[in-house]
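Next, two complexes with subunit A in common: one pairs it with subunit B, the other with subunit C.
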Partner chain A sequence: MNAWLSRWLYTTNHKDVGLLYIAGSMYFGFIGAILILLVRVELAIPVCAAGVSGMCWPSATQTFLSAASFNQAVTLHGLIMILWFLSPLAIGLANYFLPLQIGAADLALPRVNAFGYWLWLFGGIVATIGFFMPGGNTAGGWTAYSPLSSSTFSPGAGPTLAFAGLIMLATSITVGSVNILLTVATSRGQGITWRKIPMFSWFMLFTIVAMLFSFPSLLAALLLLISDRVLGTMYFSASAGGAILWDDLFWFFGHPEVYVVLLPAFGLIAEIFPVFSGRPLAEKNIILICTGAIVIPLSYMVWSHHMFLTGVTLSEDEAFSVATILISLPFDVITLAFIKTLTKSSIRLTAPMIFCIGSVFLFIIGGITGVFLSSFVLDVVYNNTYFVVGHFHYVMVGAAIFGLIAGLYYYIPKMTGKMYHEKMANWHFITSFIGFNILYFPMFFLYDMPRRIYTYQSLPSWNTLNLISTVGAFIFAASQIFLLANIVWTLRAGKISPPNPWGATTPEWVPVITGASHGAAASTGSTPGAEGGEHHRHESSKPIWLAAGIGVSFLGLSLLVYSWGLAVFILGLAIDGFAVVGWMYEDLHEKFHMPEEVTERWPFAGIHKMRLGMWIFLSTDVIVFGAILGAYLYIRSFTPNWPIPGSIHEIPLGLTNTIVLLTSGLTAFLALESIKEGKQRNMIMWLCATFVLGATFLGIKGAEWYNLYFAKGFTWYSSVAGSTYYFTVGLHAAHVTVGLILMAYLIRKAMMGGYTKEDHVGIENFALYWAFVDIVWIFVFPLFYLL
Partner chain B sequence: MLSSLPLDATPPTVKIFTTLQNYYLILGGAAAVIVISYMVYMIAKNRERPGRQTPAYHHEEGDWGNWKGVVMLLCVTGSVLAFVEYQTFASANLVAIPDPPNSIQVGVVGRQFVWSFTYPNGYTDFQNLTVPLNTIVVLNITSADVTHGFYVPELDVAKDAQPGIYSQLWFNATQPGTFTIECRQLCGVGHALMLSKLVVESAATYNAWYSKLPAAPAAKGGA
Partner chain C sequence: MNYKIPVAVWLYMLVTTVVEVFVFYSGPGTFSVDIAIGVIAMINSLVAALFLMNIRKEPPVIQYLMLAPLALIMVLILTMLFAFAQ
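The block that comes next holds the complex of A and B.
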């Protein structure tokens, strides 16, 4: 294959993947922008009153966009901009610069990183394919409120495709965040203690922690939704609590997501402000404490402020209102610390600095309007109006995008080795800033206009403000051409940049680490990602195949309504099988090898990297199961006439199966103990025993299901009890199946002598995973069989 | 919309909202103006320019920097926030449902894409919500399909209508006339056009209208 193409498709290098993320996110940003420009054209003018003509659409059915197209456009604009543009742009910069900042050779798991990228990209493609389905894409808002998102009210393959794409995205983000967290914990270069980690990396770390437990909640919600849509379970449709269940699961993800979008930009500001002010960052430690110890934990405790109008009790409103207003306190401190950095300084107003100042400026407005929305009384009027739209665009577009663009300008000399065009960048800021405010400030005065209405009756106050806003949208969108032109110009005609053009002191500019491979090589300004011999060339074709296989199988899953959907689904699974076997083959034969380096890893010095990774991964899985068991209990509390224990499930059989699974937990533990003593044969024997017991568990489960489905007519589509049972137990069985695949690999590797007394982390990880599977069952069994 | 009402006839819900909003607007606006002006002033003062001496920066700060300043900042902003939050709590009667003896209870059901209003005698109206002037009206809101948002801009009241859940809101119309009822939660293609009328009549007109209503037509179902 063409060397250029194979480099970009098969790369696992963190810089290459970073650039791919940046390029990909810009592509999706472009799509999201086009969608919203269509929306703004539609909203620019009202619908004509009877007998009037002029600056208005002739009638409610003769508008620029139909209601259906409008709803799809706003929905996908939200999804794409937040999940396929904003976050990935930050993840791209983090991919590139976090390892450099902490002196790591690469991310801890390079192939997983590449897999995350491709899964994200294909997820975006799967989600956008929905537009071309009959009936169009999902159209219920980016929040996909249930039951509007159910197949009853949003039929067709389009919405299913969008939700499948979201599942891929949530999975991608989860594995990506495990990876970055692991890198920071275990792969720091020598001398990079926690206190020496630069601010951008700290803020990315906080971002990751905000992602780590929020995306699993989204993943759980989406799995339930897809299962409702494709298999016909009844989580969101049949029960009275379905609507609130979705709200809770979604906003438990949705609110931390706000900080996921914002914090990378803050990290860049904390990086750029001191460099261009010629002085250290003010109150660095206090900023870190405020973000890490207050913002992140609180971000998980305020989600219900999105639900003030859903009929929750007054005391609940009050509690969440107080939590929400508390979260503004650390932001006061952070913002004012940023501003304090501007005192006693000498400020160079070049593009990165100007954009950072713009970001802080707009964040102040976005943040203060957020305080308005924390009031459950004011929210009665502001909820779901353009006031909210204005507020969160000031935060997400103003603070976040301006900060990320600042980061792009700041790092372009590093990524390309060339200097961008300063004048063009200045014009980019001026036009963006003006366009932005023309676009979003009028929205604060539209606080009585519901959002997501595709057209409106002529009303003097609305007409003018909407027209102004649309004009601003076009100015803001057009001004981004300056950025693209600047990037093209830099690549083609930019002057060679000195290695450290800004006089920064952080490790990505001034390598301070001895022994790390990247730092020194990177600042010479050669082509990105290809610093010759200094670089470990580790390519793998498996990540892209695995991601493509998942993409194809989700495509098939969403298209099951067509006869050929099943074929596509099976094709996807086949590709996945090929990729998984290939991935394991690479490992067995050490085709893919990353040299282990001496790294700084306090306080995880005694813990193997992979074991820590497994711990972090399992903690996200706890959230998935927690959300799903929570959903079960919640729905059950709303459903009258739940079957009496023993009337459906055979408790003795379930108990037998429980004992089988727990025994397999014991044998897995014995396998680990054997290898700890260096007894390889014993280990293989115990692993085989575990495999047989695991397979027996699945066999008994299969028999149970067969009996339930055919003999008792207890199906997942006939009752809520059936839905919850099959879904939860099925998800657990899927975990058991994954465990069996892992075991097949472990046994094969063990037979080749792959595990020794000293090096047996694979067995250790498997034992951990298997113990987790057992523990989940200990919760599932009584909840579904005995209660 | 607010200015179209004479001040003495401002509905109580509007009065509560406007008073509360003013606290937030004045304090929030002041905070934004002060902080942004200070930032812009600092940038103007400290920007690098020919002939300007770079101020000597002293490492006077320890690890915890100016923590006293931070505590002071927290006290000041904390007090302001506590004050506005207190005002919110004090305005909670906008959402708390009063229970006066002569109030009128109306059931509201949202469905794609129309509102229906069911009166105590069982009569269901699919067009208008008709209420008497200067009377507390309590709405019992739910949905027959997807989530809708019941919203009367002129009265500053709103509540989500959700399937299987009954939520309440109250208002007291102090001005006769016809006002728009909107849907504020995206509910499908007809969302923007899911509009109804709130008709406020004098007590006498209302009673005359109400007494002539057919009682609970079986065909219409109601809530």
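The block that comes next holds the complex of A and C.
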């Protein structure tokens, strides 16, 4: 294969993956922008009153966009901008610069990093393919509220594809979060103690923690939703209180997501302000404490303010109202610290600096308007109006985008080795800032106009403001041409940048760390001389194949309504099988090797990197299973006629299976203990015993399902009791199956002498995973069989 | 190798699981039985976490790493149930 193509398809280097994320996010940002421009054209003018003509649509059925097209455009605009543009742009910058800032050679798990990228990209493609399906794409808003997202109100393959794409995205973000957290914890260069981690990396760390526990909730909700749509389960049916269940699961992710989008921009501001003001960041420790408090616990304590009007109890409204006001306080402190940094300083008004100042200014407006919405009394008036749209765009577009663009300009010299065109960048800021405010500020005065209406009758108070807003949208969109032109100009004609053009003091500009080698430095044209050392080539074709396989299988799953859908699904599984075997082959024969480096690891010094990774992964799985068991408890409480315990399930069979699984937990533990003593044969014997017991568990489960389905007529689509049982037990069985695949690999590697008394982290990780699977079953058995 | 602890933990969990089923048959669907079954399940999962996952021997930071999502998900579940209980 062409070397250039091979590099970009198979790279696992953090810089390359970072650049791929940045390029990909810009592509999706372009699509998202086009969609919203269509929407703004539609909203620019009202429907003509009877007998009137002029600047208005002739009738409600003769508008620029149909109602269906409008809804799809708005929905996909929201999804794409938040999940495929904003967050990934920050993740791209983090991929590139976080390892440089902390002196790591690469991210802790480079192949997993590349897999995360491809899964994200293919997820976006799968989600947007829905536009070309009969009936179009999902149209129920980016929140996918139930029952709008159900097959009844959103029929067809298009919405299913969008949700499948979202599952891929949530999985990608979760594995990416584990990876970045692991990198900061275990791969910091010598001398980079926690106190010396630069602010951008600190903020990315907080962002990752916010992602780590929020995206699994989205993943759980989407798995339930797609199960409802494809298999016909009834999680989100109205009779089971599905609308509120979706709200809770979605917003438990959705509110922390606001900080996921915002915090990287704050990290860049905290990095850039000191450089261009000549003063150290004011109150650095307080900023970190405040950000920590925002992420855990506050960001997870406010989600219900999105549900003030859903009929939850008044006391719940009050509690979440107070929590929401509370979360604004640390943001006040952070904003004041930023402003304090600038006071009495010598500001250099370069492009990164003016974008940062713009970001803080817009955040203040967005933040203040958010305080209005924290009041559940005012929310009665403002909920679902353009006031809300204005507020969150000031935060998520104003503060976040301006901050991220500041970061792009700041790091362009580092990424390209060349200086960008300063004047063009200044014009970019001026036009963006003006366009942004013309676009969004009028929305605060449209507090009586409902959002998500595709057209409206002529009203003097709405007409002008909507027209102004649309003009602003075009100015704001057009202003981004300056950024693209600047990037092209920089690559073609930019002056060679000095190694540290801004006089920054952070490690990515002044490499003082030993150990960091950063393979693709030369190939990406980074600052000459800024980084040296050996070029670690660690390419692998398996991440892209694995992600492609998942994409194809989700495509097939979404298209099961067609006769060939099943074939596509099976093809996807086959590709995945090929990729998994290839991945394991690379491991078994050490084809993919990352050098171990001396690193700062406190407080994780005694924990192997891979074992910590497993712990972090399991912590996310706690949320997935917790959300699904929580959904079961919620539905169970809501449903009056639940089958009497013991009337459906064979309790002796469930007990037998529990004993089998608990026994496999013991044998897995003994396998670990054996290799700790260097007894390889014993380890293999115990692993084989665990495999047999795990397979027996699945066999009994299969027989039980067969009996329930065919003999008793207890199906997943006939009752909510059946839905919750099959889904929860099925998800657990999927975990057991993954465990069996892992075991097959471990046994093969063990037979090749791959584990020793000193090096057996693979067995340790498996034992951990298997014990977790046991623990989940300890809850599942009584919940479904006995209670 | 010290088999005593893992085998004792395994036996304990087998016995308590059987007890769980006996408790169920003593009065299916009654509140006290449901509570008893729930308590046994929680203790069993704690024992499995402590001895099979060996979380008791891990540094505090790992223990917090597992406790944090547990606490957060409990907040979510209780909020969902509390909202229903109006």
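FYI, the second predicted complex is superposed on the first by the 766 of 787 C-alpha atoms of A that agree within 3 Å, B and C clash if a C-alpha of one lies under 4 Å from a C-alpha of the other, contacts with A are read in each partner's own complex, and residues count from 1 in each chain.
Rule of thumb we're sticking to: contacts are C-beta pairs under 8 Å (C-beta built on N, C-alpha and C of every residue); 3 or more make two chains touch, one makes a residue touch a chain.
It should be emphasised that the depicted structure is a prediction, and the values quoted were computed from it without experimental measurement.
By the touch criterion defined above, A:638 lies against subunit B and subunit C together after alignment on the C-alpha atoms of chain A.
Using the contact criterion defined above for the overlaid structures, shared-chain residue A:53 touches neither subunit B nor subunit C, since it reaches no partner. Residue contacts after overlaying the shared chain place A:2 against neither subunit B nor subunit C.
Legend: residue contacts after superposition of the two complexes on their common chain; A:148 is shown touching subunit B, with no touch to subunit C. When the two complexes are overlaid on their common chain A, residue A:241 makes contact with subunit B and with subunit C alike.
In the superposed model, A:563 lies in contact with neither subunit B nor subunit C.
In the overlay built on the shared chain, the residue A:346 is in contact with subunit B alone; subunit C does not reach it. Shared contact residues of subunit A with subunit B and subunit C: 241, 244, 638. Interface residues of subunit A, counted against subunit B in their complex, comprise 60, 66-68, 71, 139-141, 145, 147-148, 153, 239-244, 277-280, 282-286, 309-311, 314, 317-318, 321-322, 325, 328-329, 332-333, 335-336, 339, 342-349, 357, 360-361, 364-365, 368-369, 371-372, 374-378, 380-381, 383-385, 448, 450-456, 461, 638. Listing the residues of subunit B that touch subunit A in their complex gives 1, 16-17, 20-21, 24, 28, 31-32, 35-36, 38-39, 42-43, 46-48, 52, 54-55, 57, 59, 61, 63-67, 70, 73-74, 77-78, 81, 84-85, 88-89, 91-92, 94-96, 112, 145-147, 149, 151, 153, 156-160, 162-167, 182-193.
Of all residues in subunit A, those touching subunit C in their complex are 213, 217, 241, 244-245, 248-249, 252, 296-297, 300-301, 304, 312-313, 316, 603-604, 606-607, 612, 615-616, 618-620, 622-623, 626-627, 629-630, 633-634, 637-638, 644-646, 651, 655, 658-659, 662-663, 665-666, 668-670, 673-674, 676-677, 679, 767-768, 771-772, 774-775, 778-779, 781-783, 786-787. Subunit C makes touch with subunit A in their complex at residues 1-3, 6-7, 9-10, 13-14, 17-18, 20-21, 24, 28-29, 34, 37-38, 40-41, 44-45, 48-49, 52-53, 58-59, 61-62, 65-66, 68-77, 79-86.
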